[in-house]
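Next come the structures, one after another.
One chain, chain A, links the two complexes that follow: it is found with chain B in the first and with chain C in the second.
And now, the complex of A and B:
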């Protein structure tokens, strides 16, 4: 019987080409967008290399100083991070580093712009970079302010062409660095890892950066377990009242809290309330958007299924006359809808592969390496099948309960 | 032809018989179609017994209740009043699912407009009644082939209805009606959409099926074809008049 249903499903899909196209288009494009969105979210939030410990890392990226009529908010300074954030219980390792900023070099008279980040030595032990040559700098190079650099494969190619980069020197921001390591390219969406060039923080000119409470620094706090995030935050908060303000006449207090990557993005996207990111609201908005996005094609699918099944009332009459029960007919239409949903899913999967490859290769997002997330794909496909079954079952059930005489009168062949 | 007695050939309206082994027995059957504003009596006090292996014609003008009678006999429609027995079993208390099963096993339908499913080929169309019997596909195929051989269409199994003439479509419809080997065949104006030569061919097939033991009830407007059957029941305004 299933073969017969499948055969009929195939024929019906071919016969109603426009309906089939719209159904498949709706399902596959919905899945495509879900796949791209989930690949981007995965790329941002999942513990992927080099940020393999992202699930137990807190970031200090935002602080605020307030006084009477004065407020300074943004990235904290090295002075604050170094003096007040070290030695927090349950923090295994801590790294302080700057954001990645453009830095120019000249190669054969051509300007090459790279993203440069200053880091300490712990940076390399928290993040897990894939070294293709050489190694990272350590405590001694940072302590000495050695002008050494780790560069990405892309930077190596830009700066040195096909020559081996390790051992070569290059100049940027008026300083000369010797390459001691080359790593695989890091996608831009790996927020704390991304750069083209990494150099010791101690190579920053002058010593002003060492004392500022606010500045251009971030910190990673690697917890022994995500369960201890709360304790780490509590200790962090307990230390804030003891911060000695450098401009006490202008700023009296300092506030802020270590955040997960999700909290960081939520704060960037929808802001903070009392300096705390509104993560719940952010997730709620994302889920609502996803549901709304899926609801529209689902309603469309239900509508089309109803009209498609109404068209086949005489067939229902014939089948009832020859002994089909309501269950048989509902089963038949459900099989047809499952075929449609699975086909749409398969097309959506192929489209996703193609689109992600296109995005990866386009250079739109630097070093992007988006992959299809099989779990999200299965959820999406499951939802398509669910809506397919739902949208087929109800009209089929109604039609199957039609009086057979009425159904036979529904049209003539 | 039929093995019926001469008396059976001339019977018009059968009185209710409490005992007997009729293939079809209708006792005091009425069918009233009700809407919000009007009531239409489609069948009024029909008493009819059709013996096994009988070939019966039902005639009457349009709107006289012929098709309604066939629908009631075929368990597609429930009477408003009266009882219907098929093969000695009263069907009034059967659920929709049980009625569907009884239609599947005991009754075959041939419609004036064929009612073939355009998306299925001839063999798949003929197989439809067998789908609801949980038979293995190999057996279904064999039975469908045999049914098509009986109507002379075994060479057209892969054709689709749109590729066939009217007569061929009706033969496919007959093959579909007999594939499950039902004891009763109900034909609603089976020649209504065919020319006289095609019509004769279809009637010849029905006669042969009847000779082989199938009880046939045929609704027709055509006196010439009706006269070839063993008995004619005439309806007028939902009543048996002959």
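And now, the complex of A and C:
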């Protein structure tokens, strides 16, 4: 049966080349855009190097201190993370690090801006950086406050040109660091890994950072399994009331919760409610946007499909007269449409390979390395089938409702 | 004639309904794109209110364990004062001043007050020193700019923008008036200290901090004290006017000098001209992306339309043949095909206009003027109508090729 439908679909595609071209053009452009979007989303949320353990990592990126009429919300400080977040059961490893911030160096009178991040030693064991040369700093360097640095290939080129970077020194923010490792560039979307220069947290110039409950720090909590996220969050919440507030007359409580990457992005994009990210709403908005975007191409395709039905009225009449059920006809038409959509999807997929290369090369997103992986291919396939059903269902229904007598007479309207 | 086309369209309402929806959605997509273009264009041609050339911004990151601690603020102010002196010492710096809300930056320290009529006025509140005007070349239109000693007056002198003066005082002379907030019952808010009274001393041209594309008109400048932790907190950004032709060597030297004064603070020095380029690119890129996407969608709809009309013509061979047999000219038949689709388009545009105008009517996007919406509708219509006619040309020509004899024997 399916083979017959496929054969029919093939014949129909060849019959009216203009229609086929227009349908394929529409579907492929639509699916191209959706595939680029899903590739970008995938690269934001999936555990890709160096964040290979992202699926079992929770991040402490946002806390809020509140008192009567006072609120201070934002990144937590080292003091809070160090004193209250260590030793939570089910957390295998924990790392504390700052955000990545611009730091300028001057090389031969030219300014070089790099993104600088201060980290502890555990950072290198939770994230899997791809070292081109040298290695990371360890516990002892961090404990001593050694002025050593790991830099990206891009930073190495900017700072030292073609010379080997390891062993060289550079100056930034008035401090001199010796390069001990070079890693491959990290794309901007890897929120916790991204930077150009990584240095031990203990090289921060003042000592103020050690004590603050709030500040510029984030933490990664590597759980033994994502199943235990709930237990970790519960323990985290249970510890919050025991936090000794440094300014009790101003701030009385501290709230917040470790988040997954998805929750982090959702909170950034659409805000929080009672300090909790609105993940469901965020996904809803994304789906709605995708549907809205598909609306026009889908109406267009529906429209053309309906016109095409009338071209095939005699065929439908004959099939109905010989006893084809409504289900058969609907099935046939939807299969035809899915074939068309998948074909368009395949073209869109090929185009997206090219478009993603274009985006990677354009430098719009720092160190972007959008690749198509099997997961994205499956998204694309799913989207194509969904689009095919979306644009095929109504015309199929219209077709199946044709009166066979009218149809055989070649009636219209 | 039009009534007749309407009737023809109505007779085939089910098939035409989908075409109508398609044109309607295309129209709304175009309205959205042209709306942004119109908004940007209208703002682009307004005066900017400041001069970005040869200006640099300095951002300071001050590590703090606590907020709002008087002693800490006093220390930070003392350091800031030394920083300002360091900036002025540099041979390439003509003038420097503390300035929150530096142009093209994302930082917005806004203050909202409730006016007597109950509406809220949000304005940029920028404490700065008398040099602030020279650095940004703000243009004074009435009264005076901030002067040394202003920070110690028994009131807080404010220099506000023209639009803010008009919003607050209408056509009356704003100089010497106070900016009063009211509570939700319409009672004037009382100030705790007399220096908290905001008195207008001068009016400047609109300072559009968010750049050429944005429509930010309400801003006020008031004195930044460099020593009094009660009336001022430490500045976190500065603007500097430098000699023309200043380059990276200046940056390196100045950063080093600043770091020597405040080793624990972190500094970021940026050229405002480069910030402006980046800002403009960041606004235009999404627009170009959206425009390309809309272009593809419309192209697709157009081709779909050609296909559907083509199909219609083939299906209506009998009707068209009959018309030809009864003496209708080829052009009359073509006009019928094109006329029908134009009628359909006009209906779609009408519905689309009603829908789109709900945005300003419901007060969504209230910062966008009605003119923007109207231009978007006009521009979209001017694109859609000729486009649809173009789509009807080939099917219309096909319709003229119908042979009456062939059509009549069809059944």
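Keep this in mind: the second predicted complex is superposed on the first by the 315 of 413 C-alpha atoms of A that agree within 3 Å, B and C clash if a C-alpha of one lies under 4 Å from a C-alpha of the other, contacts with A are read in each partner's own complex, and residues count from 1 in each chain.
Going forward, a contact is a pair of C-beta atoms (placed from the backbone, for glycine too) under 8 Å apart; a residue touches a chain by one contact, two chains touch by 3 or more.
The model shown is predicted, which means the values in this text are computed figures rather than measured ones.
Trainee: Look at A:225 in the shared chain and tell me whether it touches chain B only, chain C only, both, or neither; answer first, second, both or neither.
Mentor: A:225 contacts neither chain B nor chain C.
Trainee: One more residue to check, A:25. First (chain B), second (chain C), both or neither?
Mentor: It touches chain C, and chain B stays clear.
Trainee: Does chain C touch more residues of chain A than chain B does, or is it the other way round?
Mentor: Touched residues of chain A are more numerous for C.
Trainee: Once the structures are superposed on A, label A:326 by its partner contacts, choosing first (chain B), second (chain C), both or neither.
Mentor: The answer is first: A:326 touches chain B but not chain C.
Trainee: For A:173 in the superposed arrangement: first (chain B), second (chain C), both or neither?
Mentor: Touch status of A:173: second partner only.
Trainee: Just chain B (first), just chain C (second), both, or neither: which does A:315 touch?
Mentor: First partner only, chain B.
Trainee: Now for A:12: first (chain B), second (chain C), both, or neither, which partner does it touch?
Mentor: So A:12 only meets chain B here.
Trainee: Could you look at A:299 and tell me whether it touches chain B, chain C, both or neither (first, second, both, neither)?
Mentor: second
Trainee: Mind working out whether A:253 is in touch with chain B, chain C, both or neither, as first, second, both or neither?
Mentor: In the superposition, A:253 contacts neither chain B nor chain C.
Trainee: Indicate the residue numbers of chain A shared between its chain B interface and its chain C interface, in ascending order.
Mentor: In the superposed arrangement, which is not itself an observed complex, chain A uses residues 412-413 for both chain B and chain C.
Trainee: Which residues of chain B touch chain A in the complex?
Mentor: Answer in residue numbers: 71, 74, 76-77, 96-97, 100-101, 103-105, 108-109, 111, 113-120, 124, 127-129, 131-134, 137, 161, 176, 180.
Trainee: Applying the document's contact rule, which stretches of chain A touch chain C when the two form their complex?
Mentor: For this pair, the touching residues of chain A are 18-19, 21-22, 25-26, 29, 33, 72, 77, 101-102, 104, 106, 109-111, 173-174, 204-206, 208-209, 211-212, 215, 246-247, 250, 295-297, 299-304, 306-308, 310-311, 364, 410, 412-413.
Trainee: Per the contact definition, I'd like the list of chain A residues that touch chain B in the complex.
Mentor: Interface residues on the chain A side: 1, 3-4, 7-8, 11-12, 15, 314-315, 317-328, 403-405, 408, 412-413.
Trainee: Provide the residue numbers of chain C that touch chain A in the complex, in ascending order.
Mentor: Spelled out, the residues of chain C in touch with chain A are 12, 15, 18-19, 21-22, 25-26, 29, 61, 63-68, 247-249, 251-252, 255-256, 259, 263-264, 266, 268-269, 285, 293, 296-297, 300-301, 303-304, 306-308, 310-312, 314-316, 411.
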